[in-house]
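Could you have a look at this structure, given as structure tokens, before my questions?
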Amino acid sequence: MQKSTLNPNVLWPWTLILVLLIFLPFIIPRFYTYILAVIFVTALLAMSLNMVVGHGGLFQFHHAVFYGVGAYAFALMLMKTAMPMWVCFTVSPFIAAAAGFLIGWFCVRLANLYFAMLQISLGSLIWAIAFRWYDLTHGDDGLHGVPIPDWISSTSGAYYFILFFLVLCLIAMYIIYHSPFGTTMQAIRDNPARCSAVGINVRRHQLTAIVIATFFAGVAGVLFVVLEHSVFPDLLFWVLSLEIFIMCLLGGWFTFAGPILGAAVTVALRTFVGIYTEYWTLILGILLILLIFFLPEGVMGLFQRKLRNRRYEEGAPGKRRHAQG
Amino acid sequence: MLKVERLYKSFDGFVAVSGAELTVEQGQLVAVIGPNGAGKTTLFNLITGMLKADRGRVVFNGEDISKLPPHEVCRKGISRSFQIANIFHRLTVFKNVQVAVLSQQGKSGNLFRPAHRMAVHETNTILESVGLLEKADDLAGSLSHGDHRILEIAIALGNQPRMLILDEPTAGMSPDETAATMALIRRLAESQGLTILFCEHDMDVVFNTAQSIMVMHYGKTIIQAKPEEVRANKDVQDAYLGGEGDA
Amino acid sequence: MTDLGALGSQFFVGLSRAMILFVVCSGLSFVLGVLRVPNIAHGSLYMIGAFSAYSITKLVAGPAGFWLALILAPFVVALVSLVAERALFCHLYQREHLMLLLFTFALSLILGDLVKIIWGAEYKSIMAPEVFNGSVSLLGASIPRYNFFLLIVGPLVAVGLWFFTNKTKMGKIARAAAVDREMVGAVGINVSWVFAFAFVLGCFLAGLGGALVAPTVSITLGMDHNLIIEAFLIVTIGGLGNMWGAMVGSLIFGLSQAFGVLFWPQFAIVFPYMAVVIVLLWRPTGMLKSVW
Amino acid sequence: MVQRILSLRRGILLVLMFAVLSFVIMSAPAEARNIKVGIIDCYSGPAAVYGNDALNGFKLALEEINKEGVLGGKIEFTTRDTKFKVDIGLNLAKELVMRENVDVLVGTINSGVALAVSDAVSKKEKVPFIVWISKDEKITGAAGHRYVFSTADNTAQGGKAGGVGLAKKPYKKYWIAGDDYSYGHAIADSAWKNLKALKPDVEKVGESWWKIGEPDLVPYFTSIISAKPDAVILCTGGASMTNAMKALKSTGMAAKIPSWIHTAIDHAVLKPLGAEAPEGVLGTIQYLFYYPETPENKAFVDAFQKAYGNPPGFPAFNAYLTAQYIADGFRKAGKIDKEKFVDALEGLKVKNPVGGTVEMRACDHQAVFPIYFGVTKKLPKYDFVVASDITTLKGSDVLPTCEEIKQSRQK
């Protein structure tokens, strides 16, 4: 009845992709390796946001703050302290998670848009620190030339490093998604009042989810620095937060891996459409509207329908392809 | 087992509950009746901690629970269903109940074990007892209205409560479904020794099932007594004839 | 340094800023209340309001152009929003809620680039008529005349809105729809048109705000960006969907900024955010009753 | 289950798509050896007006240059829009270098992008990068390196020009205000440092900083007026400058207290304001289309006006210089080679569109040109406010010395 997590049907496509991704840098030009790495980082960020938005139903409108905090923590520790890289690497996501705890602690008292707006305000205060504290953060110029060890400073070195941690994080997220905690979070998303009526401390669960999600956002921030050797206040500006929120919606926020798709599409669009026209946001807008209209129930609705159909198609995985529309 | 003492609650000047009194004994089946807007749902919300009373106390097994948040009330052993189907639409039927069972077992915070191997037996037992085992893998949102209501009860049972509060468990059901559901409730009460507090519009159902009936009107308790006494009470007749009648 | 005159002028200047914010935010709040959608494109419509005001003053020279712009620019914006609503948005009301949010985001992307295509990237500027040159003395404080004009317009808009929502049939229906949309549908009113109307009215106010602000700032691409997040914060601390809440929120925002400048200039940028944090921790659903 | 498989399928599809796409795109080698210039700049949002102006100046210069050609080929270019975002700027700069194989990178108005690209792309990939609008002094100062050049005036220069200009005025009590970001603070620091050095008795009575893009500066200005300083050092730019000008006028501050703003006499700011711009504002800039009135400048302005419908601004001037440096640099290098090009640029003198030459200082890779100090005034000749009473500050006088640059790089 309930299927094993390690069903071979699930495992083989993952493995195939992984093998493909491992060999890809040998056959594609360096720039595509780099763009794939950008997608990995963005995807991890979007995935971490989706842990609270898609699986937790929280209006986490300023998630980029934690990405930025992770990135800044890592860059500052590398530049200003003598700590070895691995220590900085390990500590930074915890700093992001601490920021997540601090902001989340205030926010979980509120619901919906109020939650969102309080978070935007608190997040903007952190943004203001990065933007204003010139001596530490160099203000809006940002910090550049972060000393990343040589073995991961080349494009392919960074690619494999990022891929490794992306896979690690995805496995961890997958386990959490399917744990009692993950299941309970999804229940809270669907119906928080009902959850507290079955004895679940909703706020504590939400806060825990925020801390976990912000931890992963911190990891994404660290990986960003590994890839780009720079940090700047854009990383924790609300515009980026809105963008990754849209990535989750675009890819399908009730799905586990949907945000990866959303991130890939957005990054690819801005890179490759940007080559041909400066109006790529116009094209993104039109694309979004087409998507909203011509996937009859929207991306997420589409997914819901597939899920509903799932019991009818149980024995025939091959058939399900057409449902992608 | 449960004692409600002179409970008051108002919203923006509108008094929803004013001086409600209620006593539920161990193992009893108690019904709350009253016209629309009499404050039944508000009373249940006050008992389960969803709302905070302005005045008065709720005592459960000798302990004042009126200040506790809902999840702690639930841990004391009071579980409830809701008037409007209140389930987890995007989860399967199995998971709907499993969430409650995991919560009861204190495992909701477990981050690393795969949930699909946990609490399977308990969950299936509950699903079997309410007759939803067949549909365990369906999405809860896709169930029929009647099944939604049953699932509500199943979720409430997931907490292995000592006392079950059901807010209009048969609302919107056909007569056949109503009969089946009431039979289910009686069966549960007998087989598991549950104490059940419920409210209901269908008077036949109430007077056939309940062992004690509390009548509310304009937020006040008019009377709590055995069905036959309630039937004979003058005030109750006035309340029902003078009020809007039952929907 | 902080003598009474300075305090006074800071107060009035903060007040006049609050008035522009109020005009824009009341529209946002209205849409939020009736449609339950945070309209991300609201800022873009405000920007279009400013740009159309510019075009109108270019067509009609002199003070007449300015007054005409003030009247016509909001209608241009209303027309744009009506087209967007009837052609696209109205088909989405049955959808998942966040889909509506996604739509308004897409709309803001499209409108933002359209403005660039139509008006180009150069800075635009329009002049307020001669009447508004110089400043007036008020309670010992000197404030620019145009800001004084805003102090009059703000309350006028508020009264107009109050009159509209309380005294006209359409307004009452819209208000009722904000509180309970099922009810409105049940008594046989075409909810879709109520929504369309609310959306267009909200956007009209965005356009009016844009036209009002135009003479005081440079009209540029990206002015939508600066406004929208402030506007969301304002309607939230006021109480979602509550028109008077938008007024309260605007006052908090405008005044906290104006006084922040006076007392702690280096950190003026954090004052409005701090104000929001304090308000929300103190009253988690905003200052006034929210319709949500 | 299903969703997992589906999302995986999507993933596979995506990856395959990328692989195919990349093969298609990579198989297009350039045949004729033209010099490829990659431009990253901002063509959207408030900064677009400068991005477009620079691009026009560059195009105009290329028209002339390509008539005779460079090393037998032409200079061709490709542009990318950063949307004023650092991460996108990095993506696109890497795209230009790794995929388009450009010989020279050029850009941008955003200092964050300029610094990030300078470090992560130019320095690391050893590609020459010429910065043409961003005024951040760190680009050729503390963060300078072998491959980065600047044809823009920088904050050290602008501030020093302001300090030198203001020191000749009688003001003692100063208020400092501006956009709260690096540019504003850097200009303020440089102006104040130089002013203080030249005239030790000046005092600072207060500061105020507003967030960049702040639409309404009236509250800030009314509070400055009430503090009654002798003069104000205002550090703002771009669209905020227009707002500042309007507020200077509407609050009456322009008439009461003299203000100095670097680039205040930029016509991109003054022109849209028309006759509404305040008079009496002090400003500094490295290019004016009406000054100096040399035949060279007139020819340049006419050609520009004819091609693009409006007179050139300072970004066009910077971009024009940039194009000259690229052409003359490769001519001097004798072949299309990045290292030789960098060597050739050091100390290279190119034609200044207003007449004379501009030298690329070898020690810090900063182009050296004069700065004009003027005050805004209505002249009957123009329908908008222009600069008058212009004094010219020699380029070498307002730049930090090579020793100072050396010190800042050692830090």
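Here the chain labels run A, B, C and D in written order, and each chain numbers its own residues starting at 1.
The rule is short, and it goes like this: a contact is a pair of C-beta atoms (placed from the backbone, for glycine too) under 8 Å apart; a residue touches a chain by one contact, two chains touch by 3 or more.
Model, not experiment: these values are computed from the prediction.
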Argmin over chains of |mean CA - global mean CA| returns A
By Cα centroid distance, the chain farthest from chain C is B
Using mean CA coordinates as chain centres, what's the gap between chain A and chain C in Å? 33
So, what's the distance in Å between the C-alpha centres of chain D and chain B? 70
So, what's the distance in Å between the C-alpha centres of chain B and chain A? 40
CA centre of chain A versus CA centre of chain D: separation in Å? 35
Residues of chain D that contact two or more other chains, please. 43-44, 180
What are the residues of chain B that contact at least two other chains? none
Residues within chain A bordering two or more other chains: 3, 132, 254, 281, 307
Edges wherever two chains touch, nodes for the chains themselves; is that graph a line, a ring, a star, complete, or other here? other
One finds touching chains in the pairs A-B, A-C, A-D, C-D
What part of chain A is in contact with chain C in the complex they form? 106, 109-110, 112-114, 117-118, 120-122, 124-125, 128, 132, 238-239, 242, 246, 249-250, 253, 279, 281-282, 284-286, 288-289, 292-293, 297-298, 300-301
Considering the complex alone, what residue numbers of chain C touch chain A? 38, 40, 88, 91-92, 95-96, 98-99, 101-103, 105-110, 112-114, 116-117, 225, 229, 232-233, 236-237, 240, 267, 269-270, 273-274, 276-277, 280-281, 284-286, 292
Within the complex, which stretch of chain A touches chain B? 1-5, 175-176, 178-184, 186-187, 189-191, 193-202, 205, 208, 212, 254, 304, 307-308, 311
Inside the complex, what are the residues of chain C that reach chain D? 1, 3, 5-6, 9-10, 13-14, 16-17, 20, 113, 116, 121-125, 127, 134-135, 142-144, 146-147, 213, 215-218, 220-223, 225-227, 257-258, 261-262, 265-266, 268-269
In the complex, chain D residues that touch chain A: 1-12, 14-15, 18-19, 21-23, 26, 43-44, 79-81, 83, 85-88, 90-92, 94-95, 98-99, 111-112, 115-116, 118-120, 123-124, 136, 138, 143, 180-182, 185, 212
